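So that we are looking at the same thing, I have put the structure below in structure tokens.
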Amino acid sequence: MNFPILTWLVFLPLLGMLAVMLTPKQNEKLIKQIATVVSALLFLLSLKVLMAFNLHDGGIQLAEKVMWIPQLNVHYYLGIDGISLPMVVLTALLSLLACVASYGIKDRVKEYFALYLLLETGMLGTFLALDLFLFYVFWEVVLVPMYFLIGIWGGPRKEYAAIKFFLYTLAGSLFMLLGILAIYFTSTPQTFDMIALRQNNFAAGFQHIVFLALFLGFAIKVPIWPFHTWLPDAHVEAPTPISVILAGVLLKMGTYGFFRISYPILPEGAHWFAPWMGILAAIGIIYGGFVALAQTDFKKLVAYSSVSHMGFVLLGLASCSAMGMNGALLQMFSHGVLTGALFLLVGALYDRAHTRDLSAFGGLGAVMKVYAGILIFVSMGSLGLPGLSGFVAEFMILLGTFKIYPVITGLSCIGILLAACYMLYTVQRVLLGKVNPKWEKLTDMTGREIFTLAPLMIVTLAIGVYPILILKFMTPAITALVGLLS
Amino acid sequence: MDPIASLAYFKPELILIAAVFVILTLDLAGLSKPWLGYLSIAALIGSVASLSGNLFDTHWLFFNLMIYDGFSVLIQILVLFMVGLPILATIGSTLIHERQKGEFYVMMLALALLLIIMGSTTHLLMIFLATEAVSLSSYLLVGSQKFNKKASEASLKYLLYGAVATAVLVFGMSLLYGLSGTLALTEMPIRLAKLGPQAQGAVLTAMVLMLVGFGFKISMAPFHMWAPDVYEGAPTPVAGFLTVAPKALGFLVLFRVLTIAFPVQYHEWSALLVILSMLTMTIGNVFAVSQNNVKRILAYSSVAQAGYILMGLAASSEVGVYAVFIYLITYLFTNLGAFLVVGIVEQSEGSNLLEAYQGLSKRNPFLAMTLTIFLLSLAGIPPLAGFIAKWFVFASAIHIGFISLAVVAAVNSAIAGFYYFKIVKAMYLSPGDKESPIRKNHLAFTAVLIALAGTILIGILPSPVIVFVQHAFMSFRTL
Amino acid sequence: MEVLTAISKVGIYVIFGVTLLGAMMAVTLRNIFHAALSLALTLIGVAAVFFVLRAEFLGAVQILLYVGGIMILVIFTVMLTTRIGDRTIPTSNHQQWPVLIGALLLLLYFVRMIGKTPWSIKSELAVVSAVQIGKSLVSTFIFPFELTAVILVAILIGTVILAKSDEGEEKS
Amino acid sequence: MIPLHHILFFSSTLFCIGLFGALSRRHVVGILISVEIMLNAANVNLVAFSRWTGLIPVNAQVFAIFIITLAAAAAAVALAIVLTIYRNRKTIYTNEIDLLKW
Amino acid sequence: MVNNASTLICFIPFLPLIAFAINIFFGKQLGEKSAWVTLACSTCSFVLAMLVIRPVLSGAVIQVNFDWIVFGSGALQFGFLADPLAAIMLFVVTCIGSLIVLYSIGYMHGDPRFSRFFAYLGLFLFSMLGLVLSTNLVQIYIFWELVGVCSYFLIGFWFEKDSAANAGKKAFITNRIGDVGFFIGIALLFYGAGTVNFTDLTHEYFHHHHQAILGIAGLFLFCGAIGKSAQFPLHVWLPDAMEGPTPVSALIHAATMVAAGVYLVARLFPLYEAFPHSASVVAVIGTTTACMGAFIALSANDIKKVLAYSTISQLGYMIAAIGIGAMSAGMFHLMTHAFFKALLFLGAGSVIHGTGTQDMREMGGLFKAMPKTAWTFLMATLAISGIPPFAGFWSKDEILTHAFLHHHPVVFGLLLAAAFLTAFYMFRLVFMTFFGKTRGHFHAHESPAVMTVPLMILAFFAIAAGFPGSPFMHHWFQAFVLPGEAVKANFGLMMLSSVVALSAIGCAYYCYIVKPEMPARITQAIKPLYQASLNKLWFDEIYGATVVRLFQWLAGTLFLFDQKIVDGAVNGSARVGLWISKIKNWIDQYIVDGAVNLVGAITRITSSILRLFQTGVIHHYLLVMFIGILMILYGITK
């Protein structure tokens, strides 16, 4: 291995952070440039990984394994497979776009971008780590910058939202830690190596308990109903780029945990708990949809829609079938792209009107034509319009799950209906109707904003039209995973 | 080994003894106070530097009154930081009155010596002597700022609580002597075993009474009540010292007493410590939540931390022992670092209330950042030292099957996150009234930096520390 | 001889009684000065017990150090901080009754524990002479003996810091 | 000679009295007095045990001497601290010394 | 030829998509020229469609496929399939589509979002063609949704009007309700039959795999058709959809998209044939809708609403036809209906264009002012009324014949009644609009040629489209759609239906020309019925009061639940904390403000209380120690 590309992927932002910290506080332009260049490089690196990826291999690729703490048998072990690859690309893409979207940050620029880059390291590390210890480290590393990013640059109730986010996730991850330790001590030989751990056939009872412990950690992150209450607060209060990252990447860490740890290592536990996950998923889908319908705050609406959409991921996971899990993984990607775009749109509107109250808007379709077009496009993606990525994912999930849980799936279909209701209702309240004279002067999207949104739209459309583009990366890994499960 | 031969292994202590008297003399001779401080640090470094040979050989010194094993070496190294960092931070500080600094350094050096001795003995007499001496010196240090009402009150409370606890300890020791007929811990298991099961009650009674004394030292619930008041009232460098040094040594002694003298009673004391551990961490955390004085928050937090360390002691497996000492090492840097920052802020603001920390991130980003890192480490966030420590204590509990203990600890850690972040919130999120930057105090900053380096380095590369503790444990096991 | 033994036995219990009485007075008397004096009685009683137990050297130390040293310090403290004739202020707090019950329970526990335990009593009761103590202090226990010097110095310094009145210091 | 038990009963009683005093006094010196009683109980124990059960009887007595010595040192320290508190607060009643709480 | 066609077939849907792309991105630059882009593309599609249809006419089936989704072991394919059914639809869609694009140039002239309109039309044509050419259910579902969203855009095209915006939303969501069922049906079929390809779902297949689950799947699949084809009880969106521009109503909500439901049912005809119970449900729904639509249309005064209910009614006809097994007749009616209904709408559009109103009560006597419109409109009306030899007669008669011959007397009776009503209300419309005196205040004028030319072309089809299925051509159409189906003309029934239609026209003539005061008298006489018709059987009100209310209530309640219960274990426990301290500030500071979650609040309160144990009094501390000792001793020696 000549070029440790994954290591660069993880630690390049950290280098960027150091560079930012060494830059004088006044030189905001340079700071932004550094952050952007680093994020862009990161994206290029992720594309390089994409190129280097072997499509026919369902296992780990590009692995980098070095002993880190020999006493604990902890390795610095990075690797990528079809499950993490989409997440890495998504993370890199959203990081770049959110970084550009962060130019609007006026206050404490240096700290912002330093923390932002640290966040990138944490996220990429989480998706690339193949050692449970390392995974936990990165998992927690994400928390801290996120706390600050919400807490310092957030909205009026930022402190509440930030600490709520932090404590919720911390509590969950501590149980995850217990689960990880239990796995370690029960495995033979004792190891944190996620891949090696798959060979261990743990006792059923043990798997159940540990699965629950891990579930708690992941469920809070996803968030699965009823652990979701941190999400609306955090989303609403966070600044726009951070909402994008939060919804686009952080939520995926939870479901990724199922894919990477819970399912392959504890297949018995997964089978045991899957029906309950299905039920929770259905509740989350319907519940999130209904609550979203009742919102008058644009951002909160998007936040609750995330609860609903992430419910689909969980549903796909619960199916334990190739199609459902493929769909779940695709939904993770698709939701990341679409919700990211939605938050960017909310942010664009908020920057102009300084309110997110849906009832205050109306008729913007005539004022901001480009905005209207993009919002409609993204809303359509979010409500699962065929031809856009959301549909493919939800379709695969529902189709994959239907055979196993017909009733749950049937109920979950109501979620699709609700998505149409709340998204269209939103579009109507924002874009349609008569123009409120207050907003007649609003300017349309700037070039920068279009730049941040265009890639997301392209990706959504490309996947929606031709899903094999991305499915071909995922399928071998998912097939392997399903093989482990059965 | 007889005294003369022992001296070869006694160089660090000798250096410290010499330093005590030299500095005392120089102080009387009127040498400027900063120089006394530098000298003290030099003496500490010298004492560690004089460690030589194979550090992990076990020797008995002074007619078996002293033991020289891996743990005592560990303590000797730790003492450098436990004592050195507060001294370094004090040199330029006004928290200790300038006129008293000479005596302060002497006291600290004497304490360094006593701490080392406390950590290098398995003889009841020596344990008592060192423990009591450390206590007495601590009372005096706490009260050394005599015109500070809070300090003198803290000192009095410490004294009274300590006196009662010591009396109970001594009574327990006397019972233990009566049962075993010996003062050497190493001889006890055999002697106690001879008494038969009838004596079990008495043995346990003696053990419990001794536990009270050590529990006081390590601020274990329900013997922790003094701790918050004393830590809050004590001059900040002293408070920092107190939260780490006597506690660390208390744990070492407790560990030695329990494992050497009472291996047979493992089930009893293990079960007891599990409960007390839960109690301690819960009390510490729950009480800390509603505080708004940073020093007091940290005080309760250090009670809670004692609870976590007790987890490792309760398990007392190999992992458990590692957990205890790795926790102590990381905790030393982290908690001391936090107190040092608090000291710097206190010196500048004259207050320890959360309000004084508002807007600190703007007034002094470095301080805010370091304190945040210390707090994160205390909360157990990777990749900081505190995480490694927490990892080990959790591991020890899980490993031995104390699931409920692990769960309680997990819940507690989440609670702890709340109050640690109260401080972080004040520093970063709340707008401060004042804009003026905090005055720079380079020596104190250096001390903070050292603690910071320890906190981060151990977090990222814990291997050397783990290896050291492993070796220490091996040498201890060959006893 | 038997009578003598009997008398000496009775004497021992008398000493016990007096000592305990003194102790009780020391912890209950309202006037703290009287309490201090009762403590002296207790300490002397304990010294007497030491003598009875053939630990003459320790008894002497007890009288010298305790009665002569510590008592003085205590009385000193009392006099410096309290007006001696002051009887009006209660010196006990409100928790004395629960504590009394607790203490009795503890005593009960101790008594049962002591009674139950098979103490490994030596066939021949030991007698320790002053010479033995002296020898062991400079041989086996030379280290703590020396160490005590350092301890005392340190404590002395600390005490001096506290005790010496610096008029120049401003109140902080 | 009387049996060991009786001396132990005596010392235990002494200890409990001391403990009672330490907990029921509000006068600082009262507490210190009680602590001295407790220490004496321990010393009585040590001496008794050195006579009845100790392997090397002299050790216990040496231990007792160190206890007495340190008790003396403690008394000195206590004096200094009590004086300080008295100077600062004009009181030595424990229930009035509660600046540090909650 | 076939190979050639399989290449060409791929271009058919994508040409309009190109038009869409051009108009979306360069619409501003193109201005009104953008219409010609769409027109060019759709005409090209029409030409290509003709080229593709030719081999199909000679019995070939053209199919192209490629992988779309892969999962585990399997894959889902996409592609284009041109068989007789698709060919008919292809013809209808491209032909009418092109004509309507042409018409729209005149109709939309001067609209501020002119180019956007044609972009949407392009997108719609793409989606509709994709739907028509789908090879499997999943693909049809996808395009099904896409046409739905196009319909949404076009209904809400004038989104400044709240009614338009609401109508668009209503259409989409109502359709989604059906689509959920559709989806479940697909899933059931997928697992029941293991395939969703139309070429696999043949009569023989269902003959061999006769599982009950497939019948249920058929019912669920029908849900989709109910939504899309505005069948009872999901028909409520279609009348509202008339808020859109009239060409849109003609193209989407009359001729093509709404027929997609019929097309779907026709596609799945083998399934329904194999499961008579499912088929009878289809028939019942269709018949009900046919009667209901006709009944409501009687009293509507908005010219487009009349046509909308008429569409509902006619779609019910088609569905009912397939339900009773007359698939080819249903498709036949679909085709003829597409032409004459498009013509009706365009004519109505022309009228609206000329008069500026949609209310028939304000019209009257337009025959002279708009002769071309009136004549073509009359042709279409005759066609829909079932007057021979117009197109509608043949197709409608075909359905009635089948119902009669295959012993569905109830269906036959009801459909016949519906036919009567249809003729009645259509002529009511004609008489009110084009005859009598002008009631409104406007200066009517004939529409430009760009609008009337399509009318004329469509009028031609309205007359001629029935012949392929008529006895004159030996029922060629039916044989094309469903080879081997024996169709016999029944002249008695033809007479009957003609008489019924003519008598209905007579009634209308009597009521609206001879005695204009008659309708008022009649409505007085049958007031409840009239009210029912006027209020559209109160469907909107009932849904508003039940489904919508329920949803709103659920949304509101769940949100409250989320705030107050799930999250607000916080606030709840804060309230519990109230009694602990009466001081409000204290609560605010320590509980409401600081409480983070349930644990947080409880911890905080506990902490606030427990901290009081730290009294600062040393003898209390010692007491705790003492109690601790006692308890430990008790515990450890127990």
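Read from first to last, the chains carry the letters A, B, C, D and E; within each, the first residue is number 1.
In this text, a contact is a pair of C-beta atoms (placed from the backbone, for glycine too) under 8 Å apart; a residue touches a chain by one contact, two chains touch by 3 or more.
Predicted model only: the values in this text are computed from it and were never measured.
Asker: Taking touch as defined above, what minimum step count separates subunit A and subunit C?
Answerer: 2
Asker: In contact with subunit A and with subunit D at once: which chains are those? Just list them.
Answerer: Chains that touch both subunit A and subunit D, as defined above, are B, E.
Asker: Just how many steps, at minimum, does a route from subunit A to subunit B need if it may pass only between touching chains?
Answerer: The distance in steps between these two chains is 1.
Asker: When the mean CA coordinate of each chain is compared with the mean CA coordinate of the whole protein, which chain is closest?
Answerer: Answer for the innermost chain: A.
Asker: Among the chains, which is located farthest from subunit B on the basis of C-alpha centroids?
Answerer: That would be chain E.
Asker: Please flag the chain sitting at the greatest distance from subunit A, going by CA centroids.
Answerer: C
Asker: Between A-E and B-E, which chain pair is linked by more C-beta pairs in contact?
Answerer: When the contacts at A-E and B-E are counted, A-E has more.
Asker: On a C-alpha centroid basis, what's the spacing between subunit C and subunit E, in Å?
Answerer: Spacing between the chain centres: roughly 100 Å.
Asker: Report, in whole Å, the distance between the mean C-alpha point of subunit B and the mean C-alpha point of subunit C.
Answerer: Each chain reduced to its C-alpha mean, subunit B and subunit C end up 31 Å apart.
Asker: Could you please state the distance in Å, as a whole number, between where the Cα atoms of subunit B are centred and where those of subunit D are centred?
Answerer: Each chain's C-alpha centroid was found; their separation is 26 Å.
Asker: Let me have the rounded angstrom distance from the C-alpha centre of subunit C over to the C-alpha centre of subunit D, please.
Answerer: The separation of the two C-alpha centroids amounts to 6 Å.
Asker: Any chance you could list the residues of subunit D touching two or more other chains?
Answerer: Expected reply: 8, 15, 18-19, 22-26, 28, 31-32, 43, 48, 52-54, 59, 62, 66, 70, 73, 77-78, 80-82, 84, 94-95, 97-101.
Asker: Quick one: which residues in subunit C touch 2 or more of the other chains?
Answerer: 93, 95, 99, 102, 106, 109-110, 113-114, 119-120, 140-141, 144, 148, 151, 155, 158-159, 162
Asker: Please set out, as single numbers or ranges, the residues of subunit A touching at least two other chains.
Answerer: 163, 167, 171
Asker: Could you run through all the chain pairs that touch each other?
Answerer: Listed by label, chains in contact pair as A-B, A-E, B-C, B-D, B-E, C-D, C-E, D-E.
Asker: Could you pull out which subunit A residues touch subunit E in their complex?
Answerer: Touch residues, subunit A against subunit E: 160, 163-164, 167-168, 171, 226, 228-230, 232, 287, 290-295, 321-323, 326-327, 363, 365-366, 373, 376, 380, 384-387, 391-392, 395-396, 398-400, 402-403, 406, 409-410, 413-414, 416-417, 420-421, 424-425, 428, 431-435, 466-468, 471-472, 475, 478-479, 482.
Asker: If we count contacts the way the header does, which residues on subunit B are in touch with subunit D in the complex?
Answerer: Subunit B residues touching subunit D: 124-125, 128-129, 132-133, 136, 139-140, 143, 146-150, 152-157, 159-160, 163-164, 166-168, 170-171, 173-175, 177-179, 181-183, 191, 228-230, 232-233.
Asker: Along subunit D, where are the residues that touch subunit C in the complex?
Answerer: Within the complex, subunit D contacts subunit C at residues 1-2, 4-10, 12-21, 23-30, 32-34, 36-37, 40, 43-44, 47-48, 50-54, 57-59, 61-62, 64-66, 68-73, 75-84, 86, 92-95.
Asker: Along subunit B, where are the residues that touch subunit A in the complex?
Answerer: Listed in rising order, the residues are 361, 365, 376, 379, 381-383, 387, 391, 394-395, 398-399, 403, 406-407, 410-411, 413-414, 417-418, 421, 424-425, 428-430, 462-463, 466-467, 470.
Asker: Touching subunit B in the complex: which residues of subunit A?
Answerer: Residues of subunit A touching subunit B: 68-72, 111, 133, 136-137, 140-141, 143-144, 147-148, 151-152, 158-159, 162-163, 166-167, 170-171, 174-175, 177-178, 181-182, 184-185.
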